[in-house]
């Protein structure tokens, strides 16, 4: 007897279209794999500039993911559970970086934090220089990656509802205790997948970084920028580095999905 | 709506769905904000929302613990840590809180479940752990919102026994549909209909001599309201219900009263009845349902479509050929009708 | 139904276009030096040109279309190496104008250059500073002063290679705050005020007008970028391509280029 998989109700023709969708994503990757110069692969990706770019990408993406969590959790909570005028408007603005071309985002950041920018002038007086620094890279990545975390977490918060929080309050827990011991532990899976998405987006960020932070090896030239530069002269290096970027992204996403499956509840015993 | 609770007293709030019972508990617990009103526990004010003053305390300082029909145990903590949640929020160390949790789990006969996660508990077990959790928070007032409603007929009695034991000497308000809960757990009963208090009083008194339709329905009695007359009562549309009133009570003519009689005292006839009994009136059958080993005939009577029931044997129902929509006559002996003030 | 119609419409248009270009190819070309108004040229010529040639080639294309009614010039601007990649992957181009000889050589190595290329212009570097010149730059050596935020092209692109040559020749080593992948980005950093100075082409400074101040320096002669132009071997309209190239290298063409700041080839 077959395992009790149950009726899933997916018509057969849907599989065909799904396969096409899958192919659209997978085939270009395969084409790229085919063009890799395998003989030169290791020297290409372990060159000084490649290693510097990879290290910088990982460091800045990690930093911007942390920043996304620190800023995104309160934002998501307020959007999901709060009630205040202008809430809808705030949500639209938070989602703006999703539709804005990253280059436009970079320009906007420049107008804010650049030397002539809104805040930049005051910052420069205080001795803080953001332009051309690694900080600028982290800012650019956070700007584009924040919506991913907020959207993911807000969805999880909405579907979780606030019944447990109400119960916790009646048991005598202060709002901060409720947040710490009830709300956050319950949406940890949503938070984790949001963080993974933010990390992946930060890793691939290009347009805003280029416009806002500049491109200097070891300081601001992240892996995507290195690939952009290498393709001018060394297509082999560009493809090899692209493969590295894809591999890192796949690893990170794969890790997060593996973790999620382990949080399904165990069987109920009578 | 206003209600008072004496020390150690358990009050049951009864009423039909949508009457506002859960809202009442929500307001007391601090989860809902009314337009106006006030509440206090002992000398401590919970909230005052009047034209003059505006004071609202948040739920976590009120000293009220809420238990709903859904146990709502925190899924990520085991039973012990769930129960320990209250003490820990109050500032106890983890060890002290766990000790208190074990004490309360033992009180509700759930100590063996201490290390289980909520997903591993049955409905009845989860509710008992939830009771322990609410008590461990040492509330001044315990609020229970239909705690047995989601339990099956095997789990409910166990929880009822546990509640009877722990509610002894404790201030509690329990919202329920179940008359057994009221009898077993409550000292007093309040009947709420459409956001207003229809009647209140000691449990036995309300349920044996109900004055509101809902309480009568719970108690399984037919209730007809009207004004007292020499024979019994006269309904607003002119029908007379002959009945007996307490010998010691002299009703004033015209005083509002009710006539109550059990369905078992009602006989069903098809055509006109011989002997012209005093209480015989036409009704239209609305429903037939099994009730124990009898058939309960539900009908509506008079221009006000008053709902009345009669219990007859299945054989009699079959002989009469009763079906919904049929016009029949209900006959009740006056000696079986009790009349008392509303 | 409408999808089908659009597919048919596109195929018909494509067929017509093919027929037209074929016709254009069969017609004998006008003589290269001809400025005759009775030209037998017609059809569309697709020109892939380096980004730094944008404003000049737009002008040259207009002039060409005016002189040869019935012709159309389609322009595509990008980084020179990007254009070579596109052409070698099959993008339809008739003419390729590169910002350096290296990329033209790449095209030739890929057997995509018809015949030889013609050098038609040169470009040298110039220092661009914001109009107020906040860092008081007057020479190439000033760029190496501490605290100066200088932006240049990365070595992998032509303007970066030129900058490296100048650095070596003058013995001044720069520590830039950013090495951009295109000269447009370098210029952008200067016009936005982020950088104190940037190394761009003379033509970029001229094109930016009031937004930047240009500071020429003698060492720029050490690194001259030569711009070649040639016909792509896969072109369907080689005669028209040759005519366009002739227009670029003509006296009129030289004037347009010179006005923009390009040097003689």
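For clarity, chains are labelled A, B and C in written order, and residue numbers in each chain start from 1.
Here is the rule we go by: a contact is a pair of C-beta atoms (placed from the backbone, for glycine too) under 8 Å apart; a residue touches a chain by one contact, two chains touch by 3 or more.
Predicted model, so just to flag it, every value in this text is computed and none were measured.
With centres computed as the average of Cα coordinates, no chain lies farther from chain C than B. Taking the mean of each chain's C-alpha atoms, the chain whose centre lies closest to the overall C-alpha mean is A. Once the centre of each chain is set as its mean CA position, chain A and chain C turn out to be 37 Å apart.
Measuring from the averaged C-alpha position of chain A to that of chain B gives a distance of 53 Å. Annotation: 87 Å between the Cα-based centres of chain B and chain C. Annotation for chain A: no residues touch two or more other chains.
On the side of chain A, the complex with chain C involves touching residues 110, 114-116, 131-132, 210-211, 213-217, 220-221, 225, 228-235. Only residues 29-31, 58-66, 68, 70, 72, 74-76, 85-86, 89-90, 116-117, 119-122, 133-134, 137, 143 of chain B touch chain A when the two sit together in their complex. Those residues of chain C whose C-beta lies close enough to touch chain A in the complex are 79, 81-82, 85, 149, 151, 154, 156-157, 176-181, 185, 188-189, 192-194. Here chain A touches chain B in the complex through residues 163-164, 166-175, 177-178, 181-182, 185-186, 265-270, going by the rule given at the top.
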